[in-house]
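Next, two complexes with chain A in common: one pairs it with chain B, the other with chain C.
== the complex of A and B ==
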């Protein structure tokens, strides 16, 4: 079970700021706002910040509700790194993980009107890269500051 | 008619219930749940409702908010009502497109266009 940032993300574990939180969607607000403030200070575009906020929100919701099963006694670990060129955020829960290949495609006609199941898809669409650790209880988000940060949409 | 700490503002005009959101960011699970409940009350209280959700104040939403809207859409249809969305900004509309929900909801650029679109 590798606890490290994926090699292809281009930073070392030591570069990451770490925050440990109780499993509560209200407790994650302050660190989330902190990250968003730093992005603003670093002049990340409105487009980038929108994308990161959305992906981060989805990652946190998945960790709290699915990974940690809404168990208030569990914890979340957020690790992040903001540089001029890229933003890396990892969210880890204390759950048993999940199988990515078992997640249904929410854009298929039969799933379109389901009320849930879009978090992973949105993270993939809005981030440059999304990676999971082997167990599936930690997600790594990479957003590169590009000239045109457009999300990938299917035709 | 506004409740204290309500997440929505409701006005009536020409038999249409016009809703605006008080929150710029529809992200928090608790808020989304409360918004969903407030909207559901409106729908249950008026079978055949013509409901317009104006997103002009909204600059962020999460997939949980989309889920709430999907459930609302179903409820409105069950009650033979009509639901329209308007004034969705470009970034938020992109989210609807990526999730293909732009095909599920009746989305108009402006509130006026939406109002003109309600069936009698």
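== the complex of A and C ==
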């Protein structure tokens, strides 16, 4: 757990671009598109861009729906840093946070047919590292450009 | 995302193309949920043109499977691109669906209404 950028992510707070948004999935499209354009300009691969977009959307959707509970008076904060070697994105909501150990594993047989609950698992599967702040209302995503796709786990 | 529907007897065929945008999940869920019923319990989703989908989109597809089964039907997926098929595997939901390489195979399977091709129902 950490108060700001996880040390292992290798950047400082000052290196991050910050965007504050209303708690609305329509409002997050422009910054998402901006991040994806920057990745394309930096020639990140299709595979990397798919992974980053997926993880970013899962983080944003969780923040809007679960963190801020669809409350239009609340806000989201996105911070990000794109370098030639890695991408770091943080998404913070104004909710009370959550306990990671209380989230059901969506890959267990008994949970497979539940429609929701896959966001955290997908972030973990597609990102190099995923970390949370102490409260659980901010998620930090790290994607190393050179990292190979993680193998698909089977239970 | 482009969403086109046609009905073929007891089956709705939905062709998805492009990207499911982050703010389109709810609408996608509603549109899929409205298709399956007693007169048309089968759903064929042609994914060959689908480039991007997130967990909300996957949730809508999983839920449509539950509805189809209530009416004695099934959901059949057609020819997802490799990165989409990998996503289905990562999410462990590939095993919930019939996945076919061609639309013709999917339609034939809805007529047969039995597990075949590459995955059990």
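In this section, the second predicted complex is superposed on the first by the 143 of 155 C-alpha atoms of A that agree within 3 Å, B and C clash if a C-alpha of one lies under 4 Å from a C-alpha of the other, contacts with A are read in each partner's own complex, and residues count from 1 in each chain.
The rule is short, and it goes like this: a residue touches a chain if its C-beta (ideal position, glycine included) is under 8 Å from a C-beta of that chain, and two chains touch if they have at least 3 such contacts.
Keep in mind that this is a model prediction, so the values were computed, not measured.
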item	value
When chain B and chain C are modelled together on chain A, clash or fit	clash
Partner chain(s) touched by A:133 [first = chain B, second = chain C, both, neither]	neither
Partner chain in contact with A:34 - chain B first, chain C second, else both or neither	neither
Partner chain in contact with A:125 - chain B first, chain C second, else both or neither	both
First, second, both or neither for A:57, with chain B first and chain C second	both
Which of chain B and chain C A:45 touches, first, second, both or neither	neither
Touched partner set for A:115, first chain B, second chain C, both or neither	both
Chain A residues contacted in one complex by chain B, in the other by chain C	25-26, 29, 46-47, 50, 53-54, 57-58, 61, 106-107, 112-116, 118-119, 121-122, 125, 152, 154
Complex interface listing, chain A residues touching chain C	25-26, 28-29, 32, 46-47, 50, 53-54, 57-58, 60-61, 106-107, 112-116, 118-119, 121-122, 125-126, 149, 152, 154-155
Chain B - residues contacting chain A, complex	27-30, 59-60, 62-64, 66-68, 70-71, 73-74, 91, 94-95, 97-101, 103-104
Complex contacts: residues of chain A adjacent to chain B	25-26, 29, 46-47, 50, 53-54, 57-58, 61, 106-107, 112-116, 118-119, 121-122, 125, 151-154
Contact footprint of chain A on chain C as seen in their complex	21-23, 25, 52, 54-56, 58-60, 62-63, 65-66, 83, 86-87, 89-93, 95-96
